[in-house]
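One structure, pasted below without further comment.
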Amino acid sequence: PDVQSAHDERALPIEQVGIRGLRHPLTIRTRSGILPAVGNFEMDVALPAHVKGTHMSRFIALLQKQEEAIDSASVVSMVREMLPLLNAKEGRIQFTYTHFVKKAAPVSGVESLMDYEVTWTAKAKQGVQDAQDAIDVELNLRAVVPVMSLCPCSKEISEYGAHNQRSHITMSVSLDPRTKMTVEDLVAAAESQASSELWGLLKRPDEKWVTEHAYDNPKFVEDLVRDVAGQLQQDQRVLSLEVEAENFESIHNHSAFARISLTK
Amino acid sequence: PDVQSAHDERALPIEQVGIRGLRHPLTIRTRSGILPAVGNFEMDVALPAHVKGTHMSRFIALLQKQEEAIDSASVVSMVREMLPLLNAKEGRIQFTYTHFVKKAAPVSGVESLMDYEVTWTAKAKQGVQDAQDAIDVELNLRAVVPVMSLCPCSKEISEYGAHNQRSHITMSVSLDPRTKMTVEDLVAAAESQASSELWGLLKRPDEKWVTEHAYDNPKFVEDLVRDVAGQLQQDQRVLSLEVEAENFESIHNHSAFARISLTK
Amino acid sequence: PDVQSAHDERALPIEQVGIRGLRHPLTIRTRSGILPAVGNFEMDVALPAHVKGTHMSRFIALLQKQEEAIDSASVVSMVREMLPLLNAKEGRIQFTYTHFVKKAAPVSGVESLMDYEVTWTAKAKQGVQDAQDAIDVELNLRAVVPVMSLCPCSKEISEYGAHNQRSHITMSVSLDPRTKMTVEDLVAAAESQASSELWGLLKRPDEKWVTEHAYDNPKFVEDLVRDVAGQLQQDQRVLSLEVEAENFESIHNHSAFARISLTK
Amino acid sequence: PDVQSAHDERALPIEQVGIRGLRHPLTIRTRSGILPAVGNFEMDVALPAHVKGTHMSRFIALLQKQEEAIDSASVVSMVREMLPLLNAKEGRIQFTYTHFVKKAAPVSGVESLMDYEVTWTAKAKQGVQDAQDAIDVELNLRAVVPVMSLCPCSKEISEYGAHNQRSHITMSVSLDPRTKMTVEDLVAAAESQASSELWGLLKRPDEKWVTEHAYDNPKFVEDLVRDVAGQLQQDQRVLSLEVEAENFESIHNHSAFARISLTK
């Protein structure tokens, strides 16, 4: 008795039904080579009003046969493959993982890895013609970039010093699925606009440079979102964007945050 | 030198700027009387393109003078008060807390508290006339209701037993700001549609009842969202709704989930 | 059939068995008056080798009848009451909640609340005489205090500025159960030794003071633990102590931490 | 000016000082081959009373040059290398990652990955002779194994059905550093004693088997810890052990838990 395929009388289509919190080992194509990662997956399809249930195990089967290193192209092809497999007209694959980038310290040049939380989302929708080609895919890339922010007001009013703190800049951009946008490109948009970027490993001359560089580039949380959004606005590959900055204030026990979203 | 009020040249308005992660003690008006709580607040305003920054400390000051027990009416009046104080045309207050409801066990009638994560969101927008009255408020209530779900497929195919697990039903509803919708009303919509609701304290005859009741009411994650959405659809006080169910599967190490959203 | 009371043949006593993650509304006796809170409780007893199981619902019943405002004395009396109720010779009650303290800003004197994560633990053990009086109680208080730390090395090597960040100082102290040690006393030991303490609300002259005060009091993570441990070492009420400091580095995406424990 | 190496007057040695929350890509030697992972590292050393500070960047440098696939032997050799590098007599390396094991479903034999949170801890201590050989290493392995538990009381008192839920069995074992104990061996000790183990992918006949198998093997949280501890007690490679079970109860919104620790 195939309970899931029974006819449903409630006249309520379901926008998303699937699995969540599934962890799977991955390899990621990065500027520093192919690096290991663990993805946390969410995979779902739309269910028409008259169908009782989806086939949950097919999501797992699709994921388990994925073997290539991940980049934007493989995400797009996985979601295309998902629709016929799940017998669905719409579906979505989303996964979050830690992306590592090898960076050189600003003075000594010593190399170390920085880690970023990255999320790829691909949504597929079948066109009216019902042909395999007619599947449209929307691709979205999100990265959380930890940076340093130094408070302009504190600098202005104090005789010496200025409070600063770790901040998170979260960017989410819609991309043309055929475009080549790398995680490294997106991360650079945030790091270039912060009071200072961060590194895993700094020698003493690097620490001096970072301290003075941040002091020379004070930014409010409002400045961070405007400057990063302004940067992404000029990137032809970005169709729409959302930028959020959160400062884990070093003088309070709460955060300041700001958010801008733009569709071109 | 009032750095925040300086003129900004970047031509980028900011949709939201404010504070996040601010914890504040509250008292909550509940069906079981006025109960203690701790709110986690997010408060923000829109910032026009030409203004450099907002005045973060005014959010805190507004919150600290709040003294009454919280219900939907006090949330609405707080966000109305926020706009002139922050010199803003749009703004939002959101807070999450643990809401307790005293419930009687199904057979023994023994009473105990159940806890639910509840979020109120109020968005205010000033109309064109610029009059205090012309502030429109959108009110949203969200509750996460832990329930039990028992798998219809497992019951159908097994000679005895059926796997079941804890599930979370998350409902988010838009309300007319003048309507009286209580957290208890919203919670009931989810609990009435689950395989079984949960209690803090159960005697032996209650445990027998819950076990058999769940076995008699098997539900897929798809059934949970459809039945709860169907229930809320009939409630006149609800303008639009989003229902999500997540089953922390007892046979897998990942979740099954489903989501429906409806605007009437 | 009382399954839990059956005889067990495995010859393995259980050190702790009970409940965890139980949320319950509380009122807390603080320096700023009686404040609302929500406790997250863990309650357990020791189970002799020959007993099959404990009676989980009795923990809940004990907690639900608790009605007074919480302080160290009420925690001690609750754990004393638990042993006979659960038919146990050893047991433990532990709960974590957010403790608020009203503080005045350093220059303007404006008042606001600061929030601290606090944990009380009381362990009871019945003596050989089996008399009610013969129950020994060990009492432990733990607080996580967010502060600002400013890096001495960064200050020393840089021509201007110095990186600083939010840090957490976590203190855990064993107390004589009859002693009066308040959360406010414990918090003060950490705040007095940081580069600067934090406030919920600061006016401009306060922000200037905090910035310069932190610059004048640079501390490594090693200095933080040593100075706080040194402070607590002199407090007669403290029988033993553990101090940990964690700096959420503003120049890296990881933390620096240090830990000292001392028994007097 | 080497601030960290200055002389310290406070007469307080520091038990642990180092870094925490450092994420680093890894490859792990598993039964299913070499699999990608991301480790979350904590690395620290003891600091004598007269030394002001440690050299934080050396921890990062040590980790960054690690290139081999990880197993117990490489953890031990890394901590041995750390002591002279940090100029320390005692030190510790701990890291947590997601370990994947390929498992075959019980009836269909279909293969899928299960994920486990695993932590390796290696503590090194230099002996009195000050020779490289004289470094003693204590090795500890910890794994969190998600399983299903079915309530014996619910089964006993109900005419049909029995509530069950996801449970976590957390085992922490001290090992002889020369012993070959794999993560897979440790995981098996927990899975073999649960009402049922979990799989990533189950076909219909597998789901029937799991449902009935769990119903045939009801276990209280007390049974889980006793049976797993009993299993590990017989393993010659285990020097001491701690076993904890936590049931995310499907009839309550809190957990039941139990803990046993044994030194042989």
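Letters A, B, C and D name the chains as they come in the text, with residue numbers starting at 1 for each one.
As a convention for this text, contacts are C-beta pairs under 8 Å (C-beta built on N, C-alpha and C of every residue); 3 or more make two chains touch, one makes a residue touch a chain.
Worth saying up front: this structure is predicted, and the values here are computed from it rather than measured.
Engineer: What's the call on subunit C versus subunit D, same or different interface residues, using the half cut on shared numbers?
Structural biologist: same
Engineer: Would you identify the chain whose Cα-based centre sits farthest away from the centre of subunit B?
Structural biologist: That would be chain D.
Engineer: Averaged over CA atoms, how far is the centre of subunit A from the centre of subunit C? Could you give it in whole Å?
Structural biologist: Distance between chain centres: 36 Å.
Engineer: Can you compute the centre-to-centre distance for subunit C and subunit D, using the mean CA position of each chain? Integer Å is fine.
Structural biologist: The mean C-alpha positions of subunit C and subunit D differ by 26 Å.
Engineer: Would you kindly tell me how far, in whole Å, the mean C-alpha position of subunit D lies from that of subunit A?
Structural biologist: 29
Engineer: Among the residues of subunit B, which ones contact at least 2 other chains?
Structural biologist: 22-23, 115, 153, 157, 200, 202, 253-254
Engineer: Flag every residue of subunit D that touches subunit B in the complex, lowest number first.
Structural biologist: So the residues of subunit D in touch with subunit B come to 114-115, 146, 148, 150, 153-154, 157-166, 196, 198-200, 202, 204, 207-208, 210-212, 214-215, 248-254.
Engineer: Subunit C touches which residues of subunit B in the complex?
Structural biologist: Within the complex, subunit B contacts subunit C at residues 22-27, 35-38, 57, 60-61, 64, 97-98, 100, 111-113, 115, 200-203.
Engineer: In their shared complex, at which residues does subunit D touch subunit C?
Structural biologist: Residues of subunit D touching subunit C: 1, 3-4, 8, 10, 12-23, 42, 44, 47, 52-54, 56, 152-153, 156-157, 220-222, 225-227, 229-230, 246, 253-261.
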